[in-house]
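Letters A, B, C, D, E and F mark the chains as written, and numbering starts fresh at 1 in each.
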Amino acid sequence: MDLRTPALNNLLDEWLNEDLGRGDLTSTSIPNHNCSAYWLAKQKGVFCGGALVERLFKRLDQSVETTLLITDGSSFDAGQCLLKIKGPAPSLLSGERTALNLAMHLSGIATATAALVDDLNGTGVRLADTRKTTPGLRTLEKYAFRCGGGVNHRLGLDDAAMLKENHLAWGNGISNTVEAVRSTAPWPSRIIVEVETPKQAEEAIHAGADGILLDEIAPDVLQELVPKLRHLASTKSDHKRSRQIVLEASGVDPMNLKIYAATGVDLISTSAPITQSKWIDFSMRFE
Amino acid sequence: MDLRTPALNNLLDEWLNEDLGRGDLTSTSIPNHNCSAYWLAKQKGVFCGGALVERLFKRLDQSVETTLLITDGSSFDAGQCLLKIKGPAPSLLSGERTALNLAMHLSGIATATAALVDDLNGTGVRLADTRKTTPGLRTLEKYAFRCGGGVNHRLGLDDAAMLKENHLAWGNGISNTVEAVRSTAPWPSRIIVEVETPKQAEEAIHAGADGILLDEIAPDVLQELVPKLRHLASTKSDHKRSRQIVLEASGVDPMNLKIYAATGVDLISTSAPITQSKWIDFSMRFE
Amino acid sequence: MDLRTPALNNLLDEWLNEDLGRGDLTSTSIPNHNCSAYWLAKQKGVFCGGALVERLFKRLDQSVETTLLITDGSSFDAGQCLLKIKGPAPSLLSGERTALNLAMHLSGIATATAALVDDLNGTGVRLADTRKTTPGLRTLEKYAFRCGGGVNHRLGLDDAAMLKENHLAWGNGISNTVEAVRSTAPWPSRIIVEVETPKQAEEAIHAGADGILLDEIAPDVLQELVPKLRHLASTKSDHKRSRQIVLEASGVDPMNLKIYAATGVDLISTSAPITQSKWIDFSMRFE
Amino acid sequence: MDLRTPALNNLLDEWLNEDLGRGDLTSTSIPNHNCSAYWLAKQKGVFCGGALVERLFKRLDQSVETTLLITDGSSFDAGQCLLKIKGPAPSLLSGERTALNLAMHLSGIATATAALVDDLNGTGVRLADTRKTTPGLRTLEKYAFRCGGGVNHRLGLDDAAMLKENHLAWGNGISNTVEAVRSTAPWPSRIIVEVETPKQAEEAIHAGADGILLDEIAPDVLQELVPKLRHLASTKSDHKRSRQIVLEASGVDPMNLKIYAATGVDLISTSAPITQSKWIDFSMRFE
Amino acid sequence: MDLRTPALNNLLDEWLNEDLGRGDLTSTSIPNHNCSAYWLAKQKGVFCGGALVERLFKRLDQSVETTLLITDGSSFDAGQCLLKIKGPAPSLLSGERTALNLAMHLSGIATATAALVDDLNGTGVRLADTRKTTPGLRTLEKYAFRCGGGVNHRLGLDDAAMLKENHLAWGNGISNTVEAVRSTAPWPSRIIVEVETPKQAEEAIHAGADGILLDEIAPDVLQELVPKLRHLASTKSDHKRSRQIVLEASGVDPMNLKIYAATGVDLISTSAPITQSKWIDFSMRFE
Amino acid sequence: MDLRTPALNNLLDEWLNEDLGRGDLTSTSIPNHNCSAYWLAKQKGVFCGGALVERLFKRLDQSVETTLLITDGSSFDAGQCLLKIKGPAPSLLSGERTALNLAMHLSGIATATAALVDDLNGTGVRLADTRKTTPGLRTLEKYAFRCGGGVNHRLGLDDAAMLKENHLAWGNGISNTVEAVRSTAPWPSRIIVEVETPKQAEEAIHAGADGILLDEIAPDVLQELVPKLRHLASTKSDHKRSRQIVLEASGVDPMNLKIYAATGVDLISTSAPITQSKWIDFSMRFE
């Protein structure tokens, strides 16, 4: 994760302001001595957010020092000590909740992602996320997804084009719409077409799509379709049209990951680890 | 919810920027005609976020019109139409994801809250939230909690004081710490003391606390403690000390809500509907 | 005062930008050597704003060092040296005006507050401020009021509810309006009702108000009313209704503070030290 | 006043956020019907801030309509109706305090300025303000000063250069410092030199200053000095040196304005109407 | 161009604030009547920025109406009328300079781009821009480049990866570095390798690059290399490695575009239309 | 240049965010070791932007150290080393493009300005810039103009008043319009009148203008007009009217600078070095 962007500093400031409001009534009333604390995992999981915690406390108080005992993406057990922190007592207490909220939420996503990624282990198929993310937390939630072993899909509407049902309808069909996007998008942007039938998938390849999102297509249909699409892509000789095609299945029940993996697609995309996961419980203990 | 704050406008803008980035590559390539759409619930639940959806689309494009068919806090069934929306096709498509993410997340919280509130029905005990909220979404998640029938706890560190274990230790005991906060906090701020033993609870009342958070105290101990504390509070004659005391149980397993409700506390606080809930699935269908 | 909020950093930056504009034409033309200065009080008063001065110069130039010789809330005499400061000459000169403006304004409020607080000395009655504050300076002016010995009233519209004449009229009477607020406000928020007659005051206690603001009620009427209200509050047995009531007199001429204090109210609120005070004169002298 | 700057919109938003915080607990609980109100002057004075009030309510709620019954800079009597306003009751109530605070503060400055300007009536001498302004309110307070009949001095450190004692000392004398500023400042910027002796004043004219601030110089000394300086300026033939000189007296006790006006200076500058004035009392009455 | 992003609104506001500062001294002094104006081209060129002009005036004053007489990307002649505008005289005058500056700068880029694109006419080779753009104007300058007929390269460091000499050196060679990026970047991101020799180019294809930037390679070397690279890419059978390769020449003198186009590359990238172009002169005439 | 304004920090952050977007995909994938680099001039010119480069890297990463080997405003030759820089490799790579873009653009302006200033060498006439600047870069481009030896004209609409054709028409003539501005503008603001005929110029002097912008008036007409205007100004005895007049020629072809300089005007203003200049090419080389 690229923690250096000034944009992230602003987010951290806003989150602190959200909790501090017009000032912490309680913590500013206690003596300003230094103290130490550590974070304890109350359940097992995959960690995410260490560097953010460090940075968040620094935004509140330059003198707080954090020592990370685990790297993002590593597993931890219940009872494991995750990080140590020291600094002025009021600052540790005032930043505690915001820092925990952030890391517990992100670790929940990393943990849920890792569970699904395990199911795909050995298949060569990768798990991808979606744009279903909590408003304001897109890049961090996608980072957590990656810490859990997944691969990120596009980060927003501006780094890759995806043509859905309505784009295709209003853009006057697959071929015209792909052409319209190709003519205005930066050349490195990949163009992905979402289809619901084998016929649309073939049309998308003819139109020169770089990726096909195969939405809610049954595994047995996919099994047959995937090699056909790969062959079709590779025999297209036109320069402008993509011969390397990325095939992605979506609308997949997490229970059926292995069955879909066997169809030969490159990716299975799912929003579940972000929209259906629970926070992992950490506790900040003072010494 | 107070939707008029300029602060909320900034949040809506940031969320749109998060997804649009340097501009939507796909939707700006299709013709700019007007179209209509509606939102369909794919599972049942309690709705939250209607006015936010309306406002979000307005921030993106003044000409988008939204008609809400359900009020925040109302229940809906799977298959129910929740709202109608019309405007330029590119604007509906570009705002779709952010608007859905927001409403699906908040409705997930409202729905999970309502399930727990049902358990307390008829007991006179209220369910309260905590400060465990997703960074950046505090006021909205607390609003969703209220839509589900809960009552909000303090909104941040600045509208009520809560003295926890470490404040009390470093502030040199319950009595001194309460006094220190009382002397600097605005007079309307309530002072709440978190305790883990009956003895601490009594001390807090002597110190003049306005509320006692009884953390992880067994129901049978509470049963006996609650009337004792109420009596103690009412017989304190000193002006400065609170005689109306709010008793709140925390650290309660959601399975045991009724048992705790029977102890006579005023509130049971829980972070579960915010940190452990799943998004409710909505779909935006174009006509 | 909680100086750690990122929100305060932004205010300090804006105030510097307000004066610096597109850049200080004069001070950037002189040699960049280090120099020392001190602040001299040109009249006596109560000091406020030391830490803000320190922080303001740091925002302009990290290398400026400030040494405070007096704490906020302490009295000073004419001719007393208040703080010492050293750093690059252009930075001391460019920040001088903004820093002085801030501290002179706040010290004016602290000084005016202290004069009134002196009048209440020994009565047990506290002086409270209002929401009449200069736009943009609310928390700092309220902090200055506290430095002068006063107690803060609510900080804004969101940390306590106050029902005034029009809320009560449009909310359909005291009882209904208090109920409406109680059902949506966070539970730690106190509900205060502003009344102009003894009858309304009693009604507010029946409705379960936590505080009564007794506006423009004559001292002799108050004298009789106060014990009656306290009795009424203490005999109300209903759980939901407040038995500890805070009684506050407003609309009091500062000349009559002692007379009002004798009526037994808890607080007398006044905007005078914030809206009617004059700046205290300080001078920054270079060595 | 130029109300169109996007910068002003941000200020208005911040001021509303300052009071609304996480949302108005009280006003959002009452029914959302339309209502009317008017502003009543409770004492006489000179009005300032009408357009700001109108704009502030619009930022909170587009549907609020304000009708101004008095223009900025006009006098009003106690009991006079200043403006009418209508819109949703919660919006009028939530914006009331911030709008009143702004207009009462600015009208206080306009009124205090007008009193001093009256003293100079018929003398041809103008009253000028200084950079002693409340942080965050510089342009508005200077606008209020103008509404009271004064003329503004420079708006900040960047639109005119003023060389004070320390600039001159560290810049190696009047002549060198004026030269240094002249070589980097935009050509339309006037260069003003603050002096404390007749000798320095003459030196400043030789150096080519555009204005001389005569600080704490006795009226009898000024009487003699002013014509001498004007003559000196007019006989300097060098192109680069100013022959039109603006002479400004400062450090003048407001009681002695007429005596100083008689010395022939162009301007008398004073911070008093901004730093020593009191708010004028207005009341918002609902119909 | 996607004009709907809230981020663009902020930029427009900042640009207006930059010129207006504390308020337009001149235009606010003239009567506030309505007037009409039009824009006249003083030289021929390709237009860019119409919608921005419209939006900019709206940010300053909602009542200004702009009618565009030419679309972005169209050619115009000297003396042609480009747009009409009407509204309050002070608003037209205050926004005039900022609007003209924006459109004249962007039209300069569109015009310079179109001149080079003409040279490539009929070759099938596209002209691409670079990240050499004026700070703060990246998306708008790239939009102008597209209006001139060019195709955009990546918009920033986050929508495509480009490995340059130092990335490759410090990342331990082409193969390792490509692999490192592939494992963390979102899957739709293309990976481009910048090379200076044929050997490096082949290595990059083996490593699975999606694009090769052939920097400062002589046309005759390219002529031979291009088909070789295409063949190599198409015979790579590994799934993960790209078989469709985009070949881009850079470091090309604009005089030699045709020679390079003949080598069979897909793209020629150049910063010249953005860094070496002059503004096109427009005049705003009042009626 | 005044680099201390918090406003500049925000600009630097925005420019970094513009390029980094959601994070640098490439540079964050390479090892985080320290490295050194230097900047090489690829053509000769006049340097501008050193301190900005230093500050920009610091905003991205506090640990980057820059050593400037040339001061702003100094000439350099092709092949000259301009600055040295060291720090973490990913930070040097991620900030490289933005820093170079800034310095190359500004040095282009400084270089173009210096070429014209050379033409005026020995004439005593100064070259002034205009408000034709790239949106968002006004103060920096004007600083670059000064580094090239020019003198800045007003920085915006708020630090000096300039009355153009339409102001004069709508303000009801020169005399009335000057008077209207004089009555509301701060007294240190100069009032400049743009004229196109000798008659208007004389009228402007009668009206008390501080400067006359003589637009598109032929050199031979100017030759005669200039001494006449100076005489007229000096013989005006009225106090309020300016006797020192600044005469500025505009609409001058850069080829004819010397001819215009001979007419005796004080200034010749031109936008050419800002709107018609090309970037100077620098290269960042890693060691």
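Simple rule for what comes next: a contact is a pair of C-beta atoms (placed from the backbone, for glycine too) under 8 Å apart; a residue touches a chain by one contact, two chains touch by 3 or more.
All figures in this text were calculated on a predicted structure; none of them were measured in a lab.
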Which other chains touch subunit B while also touching subunit E?
A, C, D, F
With over half of the numbers shared counting as same, classify the subunit A/subunit F interface as same or different.
different
Note: of the two pairs A-D and D-E, more contacts are counted for D-E
Just to confirm, which listed pair, B-E, A-D or C-D, duplicates the contacts seen in C-F for more than half of them?
B-E
Separation of the C-alpha centres, subunit B versus subunit C, in whole Å, is 30
Could you put a whole-Å number on the gap between the CA centroids of subunit B and subunit F?
53
Computed distance of Cα centres, subunit B from subunit A, in Å
25
Counting only residues that touch at least 2 other chains, which ones in subunit F make the list?
14, 20-24, 28, 94, 138, 155-156, 158-160, 184-185, 189
Which bits of subunit A are touching subunit D when the two form their complex?
21-22
Residue numbers on subunit F that touch subunit A, as the complex places them:
13-14, 16-17, 20, 22-24, 28, 59-61, 91, 94
Residues of subunit A defined as touching subunit B within the complex:
11, 14-15, 18-31, 33, 35, 89, 93-94, 97-98, 100-102, 104-105, 108, 131-138, 155-167, 169-171, 177, 180-181, 184-185, 189, 275-276, 278-279, 286
What does subunit E use to touch subunit B in their complex?
1-2, 4-7, 9, 138-139, 155-156, 159
Subunit B contact footprint on subunit C (complex, rising order):
126, 128, 142, 146, 151-155, 158-160, 184-190, 192, 210-211, 234, 239, 242-244, 246, 266-267
